[in-house]
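Labels run A, B, C and D following the written order; every chain starts at residue 1.
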Amino acid sequence: MGNPMKIRAANKDGVTEVKVLVSHEMETGQRKDAAGAVVPAWFITELVARHGDKTVLSTEFGPSVSKNPYLAFKFKGGSKGDKITVSWKDNKGDSRSDEATIG
Amino acid sequence: MNNQRRTVLKSGSGAALLGMLAAAGIITPGIALADWNKAAFDAKSMADTLKALGAGTPADSKDVQVTGPDIAENGAVVPVGVASSLPNISMVAILIEKNPNALAATFTLPEGTEANVQTRVKMGQTSNIYALVKSDGKFFMATKEIKVTLGGCGG
Amino acid sequence: MKTKAASFSSLVAALGIALATPALAQKAAEAPGGQYAREAEQMFRTSFRADNPTYWMTRLEQDETMKTCLQYRDNPPRKIGEKLERLNKATVRYPVDGKLIGDWKEGEKLAAVGTGGHIGFIQPDPAGRLRGGNCYACHELAKKEIAYGTIGPSLREFGKIRGKDEGTIKYVYDKIYNSNAFTACTNMPRFGLHSWLTPEQITHIVAFLIDPESPVNKD
Amino acid sequence: MFHRFIKTLASAACFAAFAGPALAQDSKVADELAKYREALADGNPADLLEVKGEGLWSEKRGPRSASLEQCDMGLGPGKLDGAYAQLPKYFKDTGKVMDVESRLVHCMVTLQGFKPEEVTKNWYSRPGTESDIEALVTFIGAKSNGKPINVPATHPEEAKMVKMGEYIFYRRSGPQDFSCAICHGQDGKRIRLQDLGNLTTKEGAGVAMKTWPSYRVSQGAVWTMQRRLIDCMRQARWPEPNYLADSIIALETYLQKTATGTVMETPGIKR
C-alpha cells in the first residue's frame, strides 16, 4: 500500500495548481546491493490525477524518475473545496490513492 | 547489467502481470487503466524511443521550453520542467539522452490541463534533456544540457 | 604572534595570577578538551564495536604529528612546527626507478576519484576499489571541471606558471607524498606516508600538474 | 624557510592571476546551484516522513501497548514544541547528557517496553527498509521549527560534554589525517561545490545545525544528526562509532552550544 502521498492543490484566478509528492523507492533495477546482487526494478509505472470524476493528468513513469517522485501541473477550473484524487500503481502491482481538497 | 534489468521488467511487470492482477481482483480495474508503454520505456537510444512513441523525427521548436538548473548538485534528483505555448498539446515527454533508457516520463494532458509540468529525474551523468510535445497531432522538441557534478566526500 | 600569546598566558597560569587575559589569547593557549582531554580520548576510543577488525581500529591511532596538531588546533608554534616538518621530510620515499613524473592521463583519473578506503558496516567500499587522490575536493585543476573545492589553493595552470624543472617536480612529489614536510598541520593529507597512493600513482598526479599537455596547463 | 616563502608567493600569484575569470565562473555556478536548491525546497520528501512520525508518536505500540505521548524530551512529558532545539541536555532520571535520539530510544524502552536492540536495529533506513527512528526524529525536529537553538550547557555535565566534543572535533587520525576541523574550521570554503560551514562560529554552526534532520537527495533518505556525524567519520575513513555513542552526543552538544540562538528550519533538504 505504501505511505500516504502529500498532495497540495490551490486555485488562483480560475487555474488550479496541483503539487504531488509520492513515497516510493523508484528502484532502477541497475543498483547492486552490498552482496553484489542486482536489486530488482521497482517503480511507479502510472499515476493519474482526477478533479472529481474528470482525469486532469495521466502520466507514465520509467525508473529514471527520482525516488519519492514529485509532480506539479496546472489545469483550468476547480474551486475551493473540490476534491483532487491521485492514484498510482507500480510494476509490482502495488497501488495507492490519496485525496486532497483544493484550497 | 542492462540485460538483467530488461529481464526483470519482462518477468516482473508489464501489462500481462497487471492484467492478471486485475483479473484476480488484486488491483481494482479503475487503477489498471492505460497500457504502460513498455516499448518506449525499454528503448535505449533517443531514436528508438521517439519511434516507440510514434514521434518520428520531431521538429525543433522555440515554443517548447525545458526548464531546470544548468548544474545539478546531485544526479539522483534533478528538477526538470516542460512548458510550451503551442496549441492543443495532448502529450509531453521527458527524455534523457545519456541514461540507459532515454525515456523518463510521459504526461497525457486532457483539454484544460496546461502544457506546464514539473518533475524530478535521475541522471547518470551530464546529458542533454529533451522535451517532446504533441501539438495538434504533430511532434516538437526542445533541449537543454544539465551538468551533473560530483560531491566532495566521494560517496 | 600566536606563540607569544600562548607563552604569555601559560606564564600567567603558572604564576597563578588572576588576570583578565584577553579571550582570544586564552583560547589560543588551551588545547581542545581542556581538562577533559584525556577523558575525551578515552570516551572516543570506547565508542566503537569491540569486534571491529584490528586494521580498522589502527586508523584511530595518532602519530606525533596528529597529536601535536590536535593540541595546537592545527596552528603549532613555529619551532614545534619546524620540528614536525623535519620529521615528516624524512619519511619521503621515491619510486625505484627514480622517475618522479609519470603519465598525466592516469593522474587526471586519480585527481577526480574520491572513493575508496571506506570501512565499516553502513557503506563500505568494495574490496579493491580504486583509491583516488580526490584532488578536486579541495583544488581547482583543469578548467573544464567546474565542481572543485576551495580548501586548498587553485592549481589551475600550475605547470605553466611554475615550470617543469627538476626542483619543481621534486617539490610537487614531496608535497603530495608528505604535505607536512612543508607545512606542519596543513589540511592536506599525507598521501604517500599513509600509502594511500603509491609512489607511482603520485608521479602520475605530478604529471597531471606539470606536464604541458595536461588539461591543467592546456585549454 | 625562504624556499617556503617563495612557494607561498608563487601560489598567491597563481591565485591572483586567475581570480578574475575563476570568480566570474564561480558566481555563475553559484547561481545555478542556488536554482537547483530552490527547485528542491518546494516538495521536500522529508514531509512524508514527518507525517509518518506523527502517527508513530501517538500510536500504541510495543509490549506495553503504549504511545510516546508521555515521553519527556526535556520540557516535560509530552511537551514537544521546541524540545529538539534544547537538546542535548542532562537528564536527572538517567544521570546522562542525552540527545534527541538517545532520549527517544529511552522512551521507547521505558514507556513502550521495547528492547533497546529492537528499536535501534533500523536506526537508519535502507532501500526497502524504513526506519521508525528517522520518521520520529523528523516529526520531533519539525516541532522545533521557528524556535531558536538553546543549548547553553550550564549544567556541569553538559559543559563537560561540550569540552569533550571540542576535543573530538580537532582530533586528527586515519589514512587521510582528517579531523572535523580541517574542513569545518574556516570560513567561506567549499568541498567540490558544497559549502562548508565554519562550525567553530555561531553563524557556521547555526547554518549547519538548524536544518537537521534533513532529506539528502544523494541518499534518498532523511538523515538524523547521529547519522550525519557517524557518516562524517566514515568519510574520514575511520571505523563507524556506535549509534548513540557518547562521543557523538558530545560533538552534538559542542555544535548545538556553538549554534545557540539560531532559529531552526527543519526538515531541510540537501545534496
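Here is the rule we use: a contact is a pair of C-beta atoms (placed from the backbone, for glycine too) under 8 Å apart; a residue touches a chain by one contact, two chains touch by 3 or more.
Remember, predicted model here, so these are calculated numbers, not experimental data.
Enquirer: Which of the chain pairs holds the record for C-beta pairs in contact?
Expert: C-D
Enquirer: Could you find the chain whose CA centre sits the greatest distance from that of chain D?
Expert: Farthest by centroid: B.
Enquirer: Between chain A and chain C, tell me the centre distance in angstrom, where each centre is the average of that chain's C-alpha atoms.
Expert: So the centre of chain A lies 47 Å away from the centre of chain C.
Enquirer: Could you state the distance in Å from the CA-based centre of chain C to that of chain D?
Expert: 25
Enquirer: What whole-Å value do you get for the distance between chain A and chain B if each is reduced to the mean of its CA atoms?
Expert: 14
Enquirer: What whole-number Å value describes the gap between the mean CA coordinates of chain A and chain D?
Expert: The answer is 30 Å.
Enquirer: Among the residues of chain A, pick out those that touch two or more other chains and give their numbers.
Expert: Residues 66-67, 70, 72 of chain A touch two or more partner chains.
Enquirer: Mind pulling the chain C residues that touch 2 or more other chains?
Expert: 123, 136-137, 146-147, 149
Enquirer: Can you pull out the residues of chain B that are in contact with at least two other chains?
Expert: 71, 76-79, 120, 149-155
Enquirer: In their shared complex, at which residues does chain D touch chain A?
Expert: On the chain D side, the touching residues are 42-45, 47-48, 51-52, 127-128, 217, 220.
Enquirer: Quick one: in the complex, what on chain C touches chain D?
Expert: 32-37, 39-41, 43-44, 47-49, 52, 56-57, 59-62, 65-66, 69-70, 73-74, 117-123, 136-138, 140, 146-151, 153-158, 161-162, 171, 180, 182-183, 187-190, 194-196
Enquirer: Would you pull the chain B residues touching chain A in the complex into a rising list?
Expert: Result: residues 1-2, 4-5, 8-9, 12-14, 17-18, 21, 26-28, 30-34, 36-37, 41, 76-79, 81, 96, 99-101, 103-110, 112-114, 116-123 of chain B touch chain A.
Enquirer: Report the residues of chain A in contact with chain D in the complex, numbered from low to high.
Expert: Spelled out, the residues of chain A in touch with chain D are 3-6, 19, 21, 23, 25, 27, 31, 39, 66-68, 70, 72.
Enquirer: Spell out the part of chain A that touches chain B in their complex, as residue ranges.
Expert: Contacts found on chain A: 15, 26, 28-30, 38, 40-41, 45-46, 48, 54-67, 69-77, 87, 89, 91-93, 95, 97.
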